[in-house]
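Here you go, one structure.
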């Protein structure tokens, strides 16, 4: 039997990987992938805790996170399409008009 | 008329708002009328005031935010009565003196708003209401300096606003702390001064609160080293702005000392006589020197204001009736005199558009009336007996002498140094041959200027010769204040230094 | 085998849901109307939205205090009612700003109003529950709608703003869920009252502080993002600049109030339990936020951007109250935001009134300071009104925010954090400079020659909104007593 | 067995996600992301959260990836992406530090003890049944809100990707906008 | 009697205000006449009061309260006792004469009306000074005379500043300011004295204060005595505050006569006399006063020896005589001091008015080296000045003889032989320089012709107006006994000891001898023609003396200039560079940190994301710190 800690550390690591991606990526689409990883990390954590505590709230939370992730993808893609249509690029280095 | 104080506060405010509707051509008459009515109302206040009663009169009390202890609480006693009257008078004089300025309408509206704030500050007995008017007074002044001022007006206006604003915020924290202490003792919130007076604060608390309030007041006064906004403000402000700034706004600071610092923190005030005294001495001597070095007439008077305010501070911290009465009287006299001096500088500035002393010389022969009025004000400024300037200065120094003789001796140099810079100004400007061609055909004072100045001259002499009608009400209230302070003081040292009266002490 | 579930309808306490139902239903109604008939004028949707929000407002007002509904998911306590009311007031004041003189892209969509109402519903859900799941879902609903609303302004700025906000928001969502996971890991609960109970019980266990504080920390990132605390604020100025002025004004108030309520529920729990590190983290964030944002605001060239930084600073100011854990402090937050709502929305509405379409004044900014130079001559009323808003933001009495500041600082003093009160005071003084700068431009500088009229986008509804705002701002002293007693009552019955 | 599965899945997931994060090729990134998602659903099954696993598969692998793929095609970015990536030191410093922080938080030994379930899994019910039970009672409201959220997302997606956004009324002079309408 | 007091006091004020009404108008004869008449009224009232005091006793009136604060209650109270009555009579008499005289002297001046206004105002102030029944009232007059003196010295304000070589006083306005400021320095001392009195006695009324003297500690009395005397030093131009007096000669000559010889400068002496109960109980301070007076006597006389300026010589002699008065007062012989004060007032005023006549004749030329032989054209002036000079030298039977000799007797009697010797020597010097002036002006060769002057005698009525002074300069001393009896009703009677009594005739002879000796030397040297010895003029002592011991230059170099420079530094270096720069620096610092901080707002989303992660880490660090600390 694997301890809860293992799952949680895995979740933490996945989150960190997501974070690295978020920090590293300049292409917005790829960046969104990384945010998905972050959300999934949380899902793993919730599912594991839920399972170990025999409590359903965690699974519910994970379920809603998935729903949120789906919605975010929809909106995010909409935005990306808009940006791509207008500017022909998804590199966030190109969007630095607003600053200071 | 029980609500006369409210009327005094809000009459100019309403007048200012209605002033927006008045046509530009008639605004001068409107402004004059309003200011005159306000002044008459203030005189009525004096008339109705009972000089024998040392407590607050014409009290108005309306809860504003009762859960938080903020009330619309007004009252006037001998200490504030005359400052209110002076504020009304100076506003009136200021409006009379207004020449052909741009956007006269806005100017008059601003002045009336300022009058509301000034009167409000001096009659508020609720700390928050006091603070409200205190802060609000900055706004019209900001506009007056910043719009009608000289070359560097923006810098001056912003500096004036920010500096005073910053200081008073710290004071606000102090106020909130007192209210908190009051709440923890009495169980209810209150910002009423009279409630606070009853509160005996631990000495350690008094000490830091003293400095919190000190900062707010010191910047307003302004005390060394927080004074540098003043020369800019005066240097850039239009004449009427300087007049009101010097005459009334600065007095808010010293009034604050009397109204807040002394009765609320008697022990701390006594404990800090020496540091405050040293600062006051710095103001007196150092700024007098700086005044002497100035090349611009207005700057001389600006710095001289600081120097005189130093004497006021000394008097305030005398901790006896003589000194405090003197300092309050000196507030009045400095208000009248410096106001008049700024008006006078304005007169010459209107004609020549310069205030540099080197541009003048020999004006006494070209503008004799001007020279006479200036001379009288100069003498009042240096504290010549039988002018208004002497009484307050003498009493302030006399009072402080009891506390710190040596410091008084040093502070007394104000009468010397004051003479040095004022006489040198007078000499440079009025004496000697008329060297500049432009100066040869200057007009002497015209009717409008005389109307503004003559009342001030009359007051200068009247109150110099017969100050009693003003001194007695002030003194009654101050005596009450001092004996209250002595009762409230906790340490024996403080009790010893706060001096009520030779006779009453013997009676005890 | 499973037992059939029988649910007593009365125990569900459906009324707790009524405000959100109204507004969601309203949004659907708008969508249906649009389906039935195209190309209706925006004024219809504006008025409809106001009416829906008004009904919502009524429904919220009639909620009984301190009840739970729907299997204890819904929580109607004092602060939830107060914050919902604030959200609704702000929304009602915001919507008419669509009726401008000029045409702007977003208002050509009926969906704009539907999305807006959905967003309001999302916010309402966030404050009307203490279930982390519902908070999260509500948050995302509102946020997604908000991103869209921003992008719909359809200018390069708004696109950039939307993508920035969206991306950072996604990351913040990640932190939120990770934080929730940590809390869940410690307590096995996602409902805050349960969390509190379990945590209280477990506080004495050795080593418990690490995950407890860790959870708070992760949540704080998400909260900090939404409330825009430094260093999570970075989106704020850019997004405010990119979006339309009303949207920026709205964003400076409503999402912050809602997140502040969440923070009260969540972080308040820690502070209340005496987890000192959390308290210090809040204070540190607050101090850094108000100080640095003030400094940055000082050097802005654009009024809207300055107001963005100013709203960050105000958020920091209020956030400090969160660390105090007194009823007065919590009340002061609502009091402050109530007053801030009118002032700031008014200020942004003024910017909106002055909005023009071309880039007349500046190659990038729509509202550079220069634009307002000499406004007192070209539009005296406008100048005076804007000055009142600025003075209020500065904290000059008698204008509204003075009372807010007074109360917040007072609460800080009462809690014994004198130094914090002094820091707040000093920051207010620094802040005075940049508000003053605008006043200086409006009143003390001559108008720049040959430019378009500043009030170009003005219309009656806008003027009315500004009028309401300025009235409340200027005369706030008279509503202070009822407001204060109402808010204090509402906060204290909620147990804060 | 379970242990083996866990470690296998874990290593694979971490590896795949690393590819997602590090790869220059968008196709690789997406594929590894999808694969990682699938494996995560495997973890869910492992944990007994069958319903969650299914949802994960459907939503992520199905919907999300389809959406992304659609988007990707739209962007025509099948080749390598030229990115001016953040310097590795910054990335690993920040990533490493946050990993440490997170691990410290989540690996705390205090987690896991002394907690009893507030919403225990009903006896004798399968996971989907249990989930259904909770979802339609306790979590009905969040569920409905999630529905609203999806609706919002849908509207948002439609609007943002729609043709109407091509021309900006906010940028256009009012006169021309009016005339355009008249022409219609 | 009250009305008499008020008449005497306020008549000059009325005159002053009347003249002020016409202050800016061109000359009108009215102002001169009316003010002179009113002064005469005041004089008559003073004489009547004097008589009243003699016959009945002092009069005390209180007009009204002036300052009331705390326990301080200061009325406008006036007390006419023996000393005051004498002072009033002297002041009003000399003033009346000077007013009448000025009608002629200022005839052609543009500021005629203004002049009379100032002059009468001065008299009023002086009367307040002597009549007040309390110290603060005295202070009113004290400052009042200061201001009037300022106005009058600077009467010809339009003159330009010149260098010290051309005119040692630089300009009237400069001299006026110098006088005012120097007096102010002393006034501060006086004020402090007043404060000391108030806080220890609780009153400033003379009677109460003097009644309290016995109860006060010695140190306190010494302190009060010193501070009051500092005040006296300023008004009476005692060293080191003496420079203003000579410079004050820039004022019109009647002013010099009235203010800087007869009245105002004696205010210091008056103060010491007035405060005699105080000073008698602190003999050591008195002795110091006497020493200082003696020093000033010879110090001033020495400067007069070489001066060429008609008025300055007389001014130095005034200074010297003031020294005599202080010597007497300091040694306790208050009545003698008062006696000399009165006598001096008469002959010194006469001397100055005579000098005014000469100036008038010489078109404002003051250099006695350019005069000579004027007795032919200015007979009466010559007689007046001769008489006055003789009186000044103390030649029997003129007024100066009685008063001055008595002072020498006192000095002898007190066994302060040093003081006696110096005063004796000074008497010789006085005689020399006085007659040097007389001979160089009125005798010797008519050098003025060389410079193209056409001197002429002044108007008749002016000469007549001077007559009372002339008569009094002669006869005043004859009333010594009566005077003594009268004033010693109030002042302590000073009796010389038996031993001294025997010595008196010898002393008289010795003193008279040196005086006559001085006259003779002057006669020998100057009666025929001006003798100048370039060698002597180039010698160091001569230069020192003619440059007033370099004291004015020293003051300028050591005080005025450094003060101006320090003031400049205070303004430009400290106020602007330190104080204000700090304020602006803070503002700038805030703004610059704003500029720095905004750099985190790069506009690049990636950076924002990094900041967010970094923020989380920073928070974690913070949390760790907080945990560790708690």
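For clarity, chains are labelled A, B, C, D and E in written order, and residue numbers in each chain start from 1.
As a working rule, a contact is a pair of C-beta atoms (placed from the backbone, for glycine too) under 8 Å apart; a residue touches a chain by one contact, two chains touch by 3 or more.
From a predicted model like this one, the values you see are computed outputs, not experimental measurements.
Chemist: Name, by label, each chain that touches both members of the pair chain B and chain D.
Modeler: Touching chain B and chain D alike, sorted by label: C, E.
Chemist: Shortest hop count from chain A to chain C along touching chains?
Modeler: Minimal hop count between chain A and chain C: 1.
Chemist: Among the chains here, which has the CA centroid at the largest distance from chain C's centroid?
Modeler: E
Chemist: Could you let me know which interface, C-E or D-E, is made of more C-beta pairs in contact?
Modeler: Here the pair linked by more C-beta pairs in contact is C-E.
Chemist: What whole-number Å value describes the gap between the mean CA coordinates of chain A and chain E?
Modeler: From the centre of chain A to the centre of chain E is 95 Å.
Chemist: Chain C to chain D: how many Å between their CA centres?
Modeler: 27
Chemist: Roughly how far is chain B from chain E, going centre to centre by Cα mean, in whole Å?
Modeler: 36
Chemist: Measure off the straight-line distance from the CA centroid of chain B to the CA centroid of chain C, and report it in whole Å.
Modeler: 43
Chemist: When you check chain B against every other chain, which residues touch at least two of them?
Modeler: In chain B, the residues touching two or more other chains are 162.
Chemist: Which residues belonging to chain A are in contact with no fewer than two other chains?
Modeler: Residue numbers touching two or more other chains: 4, 8, 11, 15, 18-19, 22-23, 25-26, 32, 45, 53, 55, 57, 60, 64, 67-68, 71-72, 75, 78-80, 82, 92-93, 95, 97-100.
Chemist: Residues of chain C that contact two or more other chains, please.
Modeler: In chain C, residues 133, 137, 140, 144, 147-148, 151, 163-164, 167, 171, 178, 181, 185, 188-189, 214, 217-218, 237-238, 433 touch at least two other chains, as defined above.
Chemist: Touching pairs of chains, all of them, please.
Modeler: The set of touching chain pairs is A-C, A-D, A-E, B-C, B-E, C-D, C-E, D-E.
Chemist: If you look only at chain C, which of its residues touch chain D in the complex?
Modeler: Counting only chain C, the residues touching chain D are 1-2, 5, 7, 17, 24, 31, 70-71, 73-74, 102-106, 108-109, 111, 114-115, 118-119, 121-122, 125, 129, 131, 133-134, 137-138, 140-141, 144-145, 147-148, 151-155, 158, 178, 181-182, 185-189, 191, 194, 198, 201-202, 205-208, 210-211, 214-215, 217-218, 244, 357-358.
Chemist: Going by the contact rule at the top, pick out the chain C residues touching chain E in the complex.
Modeler: For this pair, the touching residues of chain C are 163-164, 167-168, 171-172, 175, 209, 213-214, 217-218, 220-221, 224-225, 231-232, 234-235, 237-238, 276-278, 280-281, 284-285, 292, 294-299, 430, 433.
Chemist: Quick check: in the complex, which residue numbers of chain D touch chain C?
Modeler: That would be residues 101-102, 104-106, 108-118, 122, 124-125, 129, 133, 137-142, 145-146, 148-149, 151-153, 155-156, 159-160, 164-165, 168-174, 177 of chain D.
Chemist: Flag every residue of chain A that touches chain D in the complex, lowest number first.
Modeler: 1-21, 23-27, 29-30, 32-34, 36-37, 40, 43-45, 47-48, 50-57, 59-60, 62-64, 66-75, 77-82, 84-85, 90-91, 93
Chemist: Considering the complex alone, what residue numbers of chain B touch chain E?
Modeler: Residues in contact with chain E: 159, 162-163, 224-225, 227-229, 286, 289-290, 292-294, 320-322, 325-326, 329, 362, 364-365, 368-369, 372, 379, 382, 384-386, 390-391, 394-395, 397-399, 401-402, 405, 408-409, 412-413, 415-416, 419-420, 423-424, 427, 430-434, 465-468, 471-472, 474-475, 478-479, 501-503.
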